[in-house]
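Working notes for the structure below.
We call the chains A, B, C, D and E, going by the order they appear; numbering starts again at 1 in every chain.
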Amino acid sequence: MTSFNVIRWIVWKDFVTELRSRETISSMVFFALIVILIFSFSFSMDQQAAREVIAGIMWVAFAFTGIIGLGKSFSTELQNDCLEALQMVPEAKGAIYLGKVAANFAFMFLVEILLFPMFVILFNLEVVEEISLLLLVFFLATVGLSAIGTLFSALTVQIRAREVMLPILLLPLVVPVMIAAVEATKGALNGDPLAMYEQWLELLVIYDVVFTVVSFWMFEFVMDS
Amino acid sequence: MTIHRVIRKVQRFEGWFGGGAVLCLVAGLYLGLIGSPPDYYQGEVVRIMYIHVPLAHTSLLGYTVLAVGSLWYLWKRDPIVDNMCQAVAALSAVFTALALGTGMIWGKPTWDTWWTWDARLTSFTVLLLILIGYLMLRTFVDDPEKEARYGAILAIVGFVDLPIIHFSVEWWRTLHQPQSISMRGVSISSGLLVPLLFMSVGMSLLFSYMLMVRTQLLYLDRLLHAKKGRLLSQFHLSKFDS
Amino acid sequence: MIACHGIGKTYGHFQVLRDVNLAIAEGECFALFGPNGSGKTTLLKVLATLERPSTGHFEILGMHGLKDKEAIRANLMFLAHGTHLYDELNARENLAFALALRGHHPTDRDVKRALDRVTIGAFADMKVRHYSAGMKKRLALAKTMLANPKILLLDEPFTALDTAGTEILREYVRERLSDNGTVLLSTHDYDKTRPIASRAGILRHGALQETAIEELQSDDLV
Amino acid sequence: MTNLYIRWGGVCVVAIVLIVLTYNHYRDNLANLAPRQVKQEAPAGDIRVLGMVQGGTLETHGAGEATFTLLGESASLQVQYEGPPPDNLRELKILILIGRWNAATQVFEARDIGIVPNYGFIAGAYLLGLLPLALLLFAMNRRVNFLYDEIKTSKLYEEE
Amino acid sequence: MPGKKKIGMVVSILLVGGALGYLALGNFGENVVYFFTPSEVKAFTTDYYQKKVRVGGMVVEGSMETYPDRLGLTFQLTDGEATIPVTFEGIPPDLFKEGQGAVVEGYWTGEHRFESNLIMAKHSEDYMPIELKRAGVELPRKDFMKSLVE
């Protein structure tokens, strides 16, 4: 099981690097806090109004912090040309992809878990009942974002203007994730009956499956000429 | 290099495509603007359909060609297929933008708004954004081999994403009328259908013709630059040897 | 064993390599000279399966360079200009990670011996971030030693290395050659290369000219 | 190059013929009057009046008869409609009425109802749809010709 | 190894194709609550009261009434089985009229009235000349509710 080993080592390396430098997660959290702050300036909200727009604000914050994390994920590989070493790994590239997806997913999910209480406190939400459903939505949407985001992070890191191109290429492609995540989050926060938004959960599952598989194969062509 | 030969063969009929496009479009325009009656409900404005619907269809056709060509490129690595992909992306982007534009003009008198975040408008906008991203991506890579490869990856991922985007925005909100021509039958009366068919065929022919011209353009461009580059290197070498 | 057949590479409108033909047998060390921008690094990257040649093809150990990339990579190390080291990891972790990706799991004793051989054993638990350029180069060399590949590609290996480091590197190259390995190195430094290279060639504007190493003059190499 | 210009000249001629034909076909429908003009000028014969059906004034009597008030910008008209069963008659809708103005009773006697034709939108859509395509194609054709010439004259061409 | 890769590829294509097919063709479209029908609205439990929902149906002929003094109207929306009263504030879209389909967005109140602030009129996908329409020609119509869904 060498490919499983590769996955494990990639995740290990990303975690140790992150633990020692704390660059990615701290910048993600800080950026998200600024987003929350700016949104709280631009909307003066009572609780009812907050419920309408909070899901959108939340996912805007999550998506942009996620893009910061995804961009970092491969741009750290550029120091000392480590990317070349990854490209020269004899194993199939899919293992590297899965390792990177796992690491990126973990970082993004961790940041979302850290930020969610902030939203609850700052926007006066009541969520105690629906917390497990919300976590499920976060989980599914983050899998989708990191699956396709990892592919494009690896792609854009090898071109000019990479910081600009990652969101330009990624955001149109994750439109379904954003719509589904926002609608499902809104439903859960409103305490709507599950029947009203379970379709969005199914859409997220479909998206996750499709893009994990497609990106897995495409990653080979990103890393390998 | 079989595809090379096929392309060369098709290119020979380029003129037929162009001529056919002009004939069909002229017939379609005459029928659409003069020969066909107004709709019972929308009145004269329905004539915008004859230009809007073919543009939209053709841009989707273009995206399909792009995805198939990209797969082909990743498999065979034939540079002329990549030239075709680049050409079809640019043309699809233009056709999509024009479909959106004419759709907006149709929306004003019928829905009383230039723009609404309706399902099909949204998904076409996303399609346009993906195509523009594709074209931008290609300008940011120095190595033509990498440029082609990355472009192909984006095109394939985008193509797989297209139905999901379509469904997600469709459930999210929809206002656009359903398709008039579908597996369940045609709900356009013949007087209005004939010009639409003419315009559709004409627009597809026009698209194919433009695609051929543009592929040729990019191929010649590449050829010229390659030759020039080779001459440049030769010049350096000869200077060095003397 | 390396064999190139008419390799060419174009970047945009610029032709970096033109029709490079080259054959290096087992136990041979080929030195690639040439001014800056002549395409040395590009040639090495093509052979390291990092870039796809625009024209031509090549074989390494009898395996097709575009079809059997994975098998080639298992038998090849590329000591590139970048050292392929992670700044936040220490020397041991860097070695463990890089080799694990290649499917090797060296024992602690092997690691210690390799680090001692490049004389950085004392800094084994220090983050690479605090290393000097020469130390990084030595650590990369230790990594190569542990992987022990049949084919060794060295991109300007003597830069940043002091006299002692150069000697360690040359010693290792000799060891590989006596073990029937193949070495291709690009360099500007005629004097440091002379003792190990068995053949040499000059790249000029992407075209390779093979010459006997004795005939090279150092002003040729500017 | 001359071939190219001849071909595109032909396309332009066809386009102009189409435009002229279309304009002729619709010339009669282009003139509309506002309710204010009708009241002031009291034109005789068939006229076309454009306005909005005022809310709460529509009364239908049978299939093909109705009375309502047509609201213009600064004036309104009493309308009596007699004709084929109207499909598009509803309150708060902008319409074109075809009929005659009875100056004696101050009632507009409509015999047909048309939808606002919005020719401007149609012309705009067709121009927007076709003009950029034509320009783009023309530019590409010219560029291809230019490239062929360039490759020929600079003696760069050889079979690859 | 190539054999393994081939199996992986086939499995992947099946997975992607299956997921997309499920999305496009499966009965997924049917249990999507894009909008409720009036009969479903009538059966709402209190959970759904005051929740923003969409209801699709046909505007009952002759049920439309406008307010003389302000913009807005009331009408009945039906799906053939149940009929609900709808009140609407604002200017209705140009295509909205009796006997046509409409999707309204708003709240179902406890008093069994639907308060809407957004009407999405569907202009039907039928196109025909006015002479034919007056002659009473009907195009082969599809199931009405189905035409709303798609």
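As a working rule, a contact is a pair of C-beta atoms (placed from the backbone, for glycine too) under 8 Å apart; a residue touches a chain by one contact, two chains touch by 3 or more.
Just so you know, these numbers come straight off a predicted model, no measurement behind them.
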Path length in steps (a step moves to a chain that is touched) from subunit C to subunit E: 2
Chains touching both subunit A and subunit D, listed by label: B, E
Most remote chain, CA-based centroid, reference being subunit E: C
Chain pair showing more contacts of the two, B-D and A-B: B-D
Closest chain to the centre of mass proxy, which here is the mean CA position: B
Reference subunit D; chain at largest CA-centroid distance: C
Distance from subunit E to subunit A - Cα centre to Cα centre, in angstrom: 34
Geometric centre distance via CA averages, subunit C-subunit A, whole Å: 38
Junction residues of subunit C - those touching two or more other chains: 51-52
Residue list for subunit D, restricted to those that touch at least two other chains: 87
Subunit B, residues touching no fewer than two other chains: 38, 40-42, 109, 142, 145, 160, 164, 167, 171, 228
Set of all touching chain pairs, with the criterion as stated earlier: A-B, A-C, A-E, B-C, B-D, B-E, D-E
Of subunit C, residues touching subunit A in the complex: 48-52, 69-71, 73-74, 76, 78, 80-89, 93, 97-98, 100-103, 127, 136
Residues on subunit A engaged by subunit E in the complex (per definition of touch): 92, 190, 192-193, 195-196, 199, 202-203, 206, 209-210, 213-214, 216-217
Interfacial residue positions of subunit E with respect to subunit A in the complex: 5, 9, 12, 15-16, 19-20, 22-23, 28, 31-33, 47-48, 51, 53
Parts of subunit B lying in touch with subunit D, wherever the complex brings them together: 22, 26, 29-30, 33-34, 38, 40-45, 47-48, 51-52, 55, 94, 98, 101-102, 105-106, 108-109, 206, 209-210, 213-214, 216-217, 220-221, 223-224, 227-228, 231
Parts of subunit E lying in touch with subunit D, wherever the complex brings them together: 66-68, 71, 91-92, 94, 97-98, 130, 133-134
